[in-house]
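Shared chain: chain A. Partners: chain B in the first complex, chain C in the second.
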Partner chain A sequence: MSLTHDLSRNRRATLEPDTRPGPRRGRRLSRRVPPVVWLLLLIPFLVEVGWVFYPAFNSFQLSFTKWNGVGAAQPVGLRNYTDMLSDPIFATALRNNVFWVLGFGGLSVVTGLALALALNKPRRGVGIYRSAIYLPMVFSLAVTGLFWRVMYQPDGPVNVVLAGIGINTKEHQWLADPNTALGAILVAAIWRQAGYIMVLYLAGLKGCDPALEEAAAVDGASRWQRLRYIVMPQLRNVNTVIFAVTVIDSLRTFDIVWAMTRGGPYNTTQLLSTYMYQVGFTLVNLGYGSALAVVIFLLAIAFIITYLARATRED
Partner chain B sequence: MTAPTVVAVARQRHHGKDVGFHLVMSVVTLLWVTPLVFVAAVALRSFDDISFNGLGSLPHSFTFEAFGTAWSQGSIAGALGNSIVVTHATVVSVLFGGALAAFALSRYPIPYGRVILLVMLAGNLLPPQILLIPVSQICELLGIYDTLFALVVVQVGFGLGFFTFVLYGFMRSLPVEMFEAAKIDGAGDLRIYATIVLPLCRPALAALAALESTWVFNDLLWALTVLRTDTKFPITAALLNLQGGYTSQWNVVAAGALIAAIPTTIVFFAFQKHFVSGLLVGVSK
Partner chain C sequence: MSIPTPTSVNLTRRGLLAAGAVVGGSALLSGCLGAANTPAASGASNANVSLTLQSSLSDPKPKAALEQVVKGYTKYPTTLNTVAIEQFRAQLSTYLTSGNPPDVLTWYAGSVARDYASKGLLLDLSDLWTGNGACANFSPALKSLSSDAGGKQIFVPTNYYWWSVFYRKSAFAEWGVKPPTTWEEFMALCETLKSKGISPLTNGTGSTAWMASGWFDYLDLRINGAAYHRELLAGKHSFDSAEVRKVLDTYAKLIPFFDPKGRSYTWQEAATPLVNKKAGMYLIGAFVTTAFPAGDVDDVDFFSVPPINPNVPSAEEAPTDGYFASASTKNPAATKDLLGYLASAKQQQLFISQSGSSNLPTSPDVDSSGFPPLVQKGMKLLAGTKEITQFFNRDSSDALQATADAALTKFLDNPGQVSTILTDWQTAAKKVWGS
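Our next item is the complex of A and B:
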């Protein structure tokens, strides 16, 4: 579906003087907007204002208060934000989030791209391989988390298989050990995400001109050179979208951590999102929770703008 | 070398490459489905077998007992019902609302229409964390906290922007002559929407319905935000409860997780093409 293309055409249609004669003029149905059409737009728009924009604005307000949900919120200025600086769990969550963006983003993109390159050309069996790899994408993160909890049990399949190939893990508790817990969750998350990235890259590769690669091959370019200098430049747009989507997703990540460790053991797998949820809903510290949400928002906003700019770019 | 042998060698080489490709890819694919196979194996074993032989051993029993336990005692049946109700209501409302806004924006000279469209899309890209606390407060205030209705409303509000954006793009690509003909025949705005635009949008609506139904069905965060009572939980939240209640009974947990995975898997295979084209929205040029 070529949305961006349509958007740009629309813009041209409104900017350029229309010289066509008679009733075919313009693409619009009428020159003024009938009241009923305003209503059609306003109903969905107001629902979104009420359930998205107002709450988002409200979070900013709450972040400058101390409130447990009962009585009036008490204004505290910037205290929630200054408290954050000396909060060790916030520091852990922030560090983990950086690890998560790099690990989740990097590994799922590398895996997804490799799979897409391998499965790009139509041959027998490709459909089956593709389906198997993007099947996990349809499972919820909660389901994925539970699947892998089963896998990671001390007497579970992961340890048994590792022992089978000669790596004795001594019934390692992957999710209970602070050193391995976040990495273990990462593996589960990538298992689910790689298929999605693969689908995006497959679409991008479809748009590449095969003649360019063939010409380069004839000229003696190696496989790697062709990928680096011929294919990747053509994938620039897809890369931008994947980059933005992955970072936004990483900052949103909540379900899989919540399903596997709830941020434990000892807060070592806490991400900003899980910590925010815990502060806001378990500890009912609404002011501090809102401040954490605002931090997540501020980290995400640059990437949201990148995505928006790409989604509506003029060709 | 004569011509036929060249061809034969080339074919042979090609064949050799194919074997290598399939060898590597079948290993990768196998690796990918292994977790699923292991979990299915655990779900089909009896509790005694697991506690005696260990979770990672080969199955020594075969029973659907765990599915039964998860289904009835683990309240997965009720939760699945809740999920289906919420998913249906949300998908229908969000597509209906999104199509209304998209129709207005794409076919009428709404002032600042582009800005409105972008603002609506931006709302969908926000991290949900920034909405959670106020949303639960608003639900309390309206008296709908802890109802499935609240869960539907919240998800509709959060999804509208994206679907308006996508349907807008689709509606712009419809031929304008058709609308003009209807207009000349005296059809009103609502009539044009209902009899011309909606039927023409069916392929797009199908793709988006497949996509949104898996998103809504798979949601956990909104459910945890607006629901409190266990019996109202959708299946994702119920699964986490199940995991807490049957801590050492991994066959029950595995069975519950598999039951939760079935509906989205069916949607995926039934609408695979739609599903993938839905995912690609906004990516391809």
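Our next item is the complex of A and C:
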């Protein structure tokens, strides 16, 4: 609440001088930002250009060539992109990525929100639960992957526990079966992400006004109605952050898949990111790898621009 | 959400920006200094040459062994950089094409080295192979493996290992079975072990899917022969051919004998059932001995995959490791001196004994009498075979290996779809050859 308030005040403050006549505005601006600051700004800008924009631009250029890192890159026009259309692994990776964004995004947000709502009220021991659920977040995704790989072994804990509660999985090979492999990785990824989302929502729920919910309860609103019409609108700012974090996290997912299956069995768990890594860095086919990177970039940008456009319009 | 509010005094923001700029600036400045320093440093050391050895041997024991070998080299100061193999593979072309490349690099003999040589990136090491050179008395097979298309030697092999079917002697004695000498005996042995409730074969085709190529290579060598196998991997035959179909039909007969859990295992994990006598045999490289507890290594024995087609010459897989040097090294003479040292009988022996693998020396001068019986048997196997191949990826390329991984693991899961799998494999392989 206070954040938006401050923001709007600040916006008014900066807008004010803009309404004044031109020359005065210029003088005022230059007084506000002395040249030395521009100079100092220039340095990080150049670092950014050299280390981020230039390599990114280079990647665009490389995507129109055939290059294995040795000698000169051969221009091939759009061939890398037309090859993609007939590449069965690319099709699988794209399908898997859609599944991943929906599954990872949807389930981690739903689980995280449910946990936050359940653990929001102060109760004895609630801190222990919150920390326990947040704990997986301290592991890197690669470590999470290695840990779950052991869990999913044919004679590993997952099958033992399932057998213990009467579900005979016949030593199911979760990661070796193309039908269950990606789902099994998804469970591991959500196990780690849900705690993070929960903490973000808990912080958001702290900012909600309890009086509003009480008033709604007095007026006879059901629990669901209170959540839908009273709490969720107040969580709008948190939702913005969570949406951005989740979309970016799901598009950049790489390490957990690489640690658990390396895109196998027979490329059925390839995501665009793992396939790009394999093509670009294991097979050193930098042209095609760059073309895949460009596709990932365009997808991410498309997502984020659509979202930002929508979010700013709502403002 | 603790986002600092934008209204919080302008000074703070300016202070932050200034601090950021100072940090960024100093990073940039030190970057410039570093860049300026490097040529100066190497210019100064021209009188006192120093060498860099870039190594992909990142497993603890081989890494320590190479460190010990390099420590013993005192003629020129040598820096050993060990890089994890995945990263090494990805960056190898960058290393070789950089302006200031490492002088000596660990890698594989055969088509990979030849590929770099054809682009003029490797130092001509022919001196080492003639006269008093360190490799002059290596076997002709190793020499041809280390030569480029023009007949120049561009590689220094220092050790190699063999692939075979490994088993535990005590386990075979317990089960009352003997190592087979014919294909029929081998299949009968598999049946016997299976009837005793033991998985006859183990294999780790989970995240090390390339292990599936071991049986493919051997069956192709036994059915179609080494010449056909080499041509197939070079793109002169189709994977969609009757010959390859025959290989997979034989492979299909082995599938029921594999431990089904191997689909989830790495090659290391797949050795556990063999160690625990839950599985009988494992077709793998001699490096499998590193997976055995120290006390059990003496119990390990092997037999060669029995012949299938009597009309093809005997053949074994023997991947060869060693070193090559960058063509743009600043000190070719010193680089060759280091390579000569690494190839010497004494250093080969030190490396092999310290690295704990069952690798074989390439130098005939290494005194092998102290080697374990298993290693001596391996040397005899390779000395007696008519043809030597390396392994699928080393005889072709990593890109073709990726197509084999997908095709063969899919085949192991769905042997019934062999026709479509082979068609898809050929389509994928054509892309690799065509690129």
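As a working rule, the second predicted complex is superposed on the first by the 261 of 315 C-alpha atoms of A that agree within 3 Å, B and C clash if a C-alpha of one lies under 4 Å from a C-alpha of the other, contacts with A are read in each partner's own complex, and residues count from 1 in each chain.
As a working rule, a contact is a pair of C-beta atoms (placed from the backbone, for glycine too) under 8 Å apart; a residue touches a chain by one contact, two chains touch by 3 or more.
Quantities reported herein were computed from a predicted structural model and do not represent experimental measurements.
Touch criterion met: A:Q278 reaches chain C, while chain B stays clear of it. Of the two partner chains placed by the overlay, only chain C lies in contact with A:K66; chain B stays clear of it.
Of the two partner chains placed around the shared chain by superposition, chain B and chain C are both touched by A:A203.
Once chain A of one complex is fitted onto chain A of the other, the partner contacts of A:A311 are limited to chain B, with no touch recorded for chain C. Comparing chain B with chain C, the partner in contact with more residues of chain A is B. Of the two partner chains placed by superposition, A:T246 touches none, neither chain B nor chain C. In the superposition on chain A, contact is made by A:V47 with both chain B and chain C.
In the superposition on chain A, contact of A:S140 is made with chain B only, not with chain C. In the superposition on chain A, A:Y266 makes contact with chain C only, while chain B stays out of contact range. Contacts of A:N120 after superposition on the shared chain: neither chain B nor chain C is touched. 2-3, 6-7, 9-10, 37, 40-41, 43-44, 47, 69, 149, 153, 155, 203-204, 237-238, 241, 281 are the residues of chain A that lie in the contact sets of both chain B and chain C, per the superposition on chain A. For chain A in complex with chain C, the residues that touch the partner chain are 2-3, 6-7, 9-10, 13, 37, 40-41, 43-44, 46-47, 66, 68-71, 83, 88-89, 149, 152-155, 171, 173-176, 178, 203-204, 237-238, 241, 261-262, 264-267, 278, 281-285. Those residues of chain C lying in contact with chain A across their complex are 1, 3, 5-7, 14, 17-18, 20-22, 24-25, 27-28, 86, 89-90, 93-94, 96-97, 116, 119, 121, 206-207, 209, 260-261, 263-264, 269, 398-399, 402, 405-407, 409-410, 413, 424, 431, 435. Contact residues of chain B toward chain A in the complex are 18, 21-22, 24-26, 28-29, 32-36, 38-39, 42, 54-57, 97-98, 100-101, 103-110, 114, 116, 118, 120-138, 153-154, 156-158, 160-161, 164-166, 169-170, 172-173, 176-177, 179-180, 183-184, 188-190, 192-193, 204, 214, 217-221, 224-225, 236-237, 239-240, 243, 250, 253-254, 256-257, 260-261, 264-265, 267-268, 272, 275-277, 279-285.
Considering their complex, residues 1-7, 9-11, 23-24, 27-34, 36-38, 40-41, 43-45, 47-48, 50-56, 58-59, 62, 69, 115, 118-119, 123, 125, 128-129, 131-133, 135-136, 138-143, 146-151, 153, 155-161, 191, 196, 199-200, 203-204, 207, 237-238, 241, 248, 251-252, 254-255, 258-259, 272-273, 276-277, 280-281, 286, 289-290, 292-294, 296-297, 300, 304, 307-308, 310-312, 315 of chain A touch chain B.
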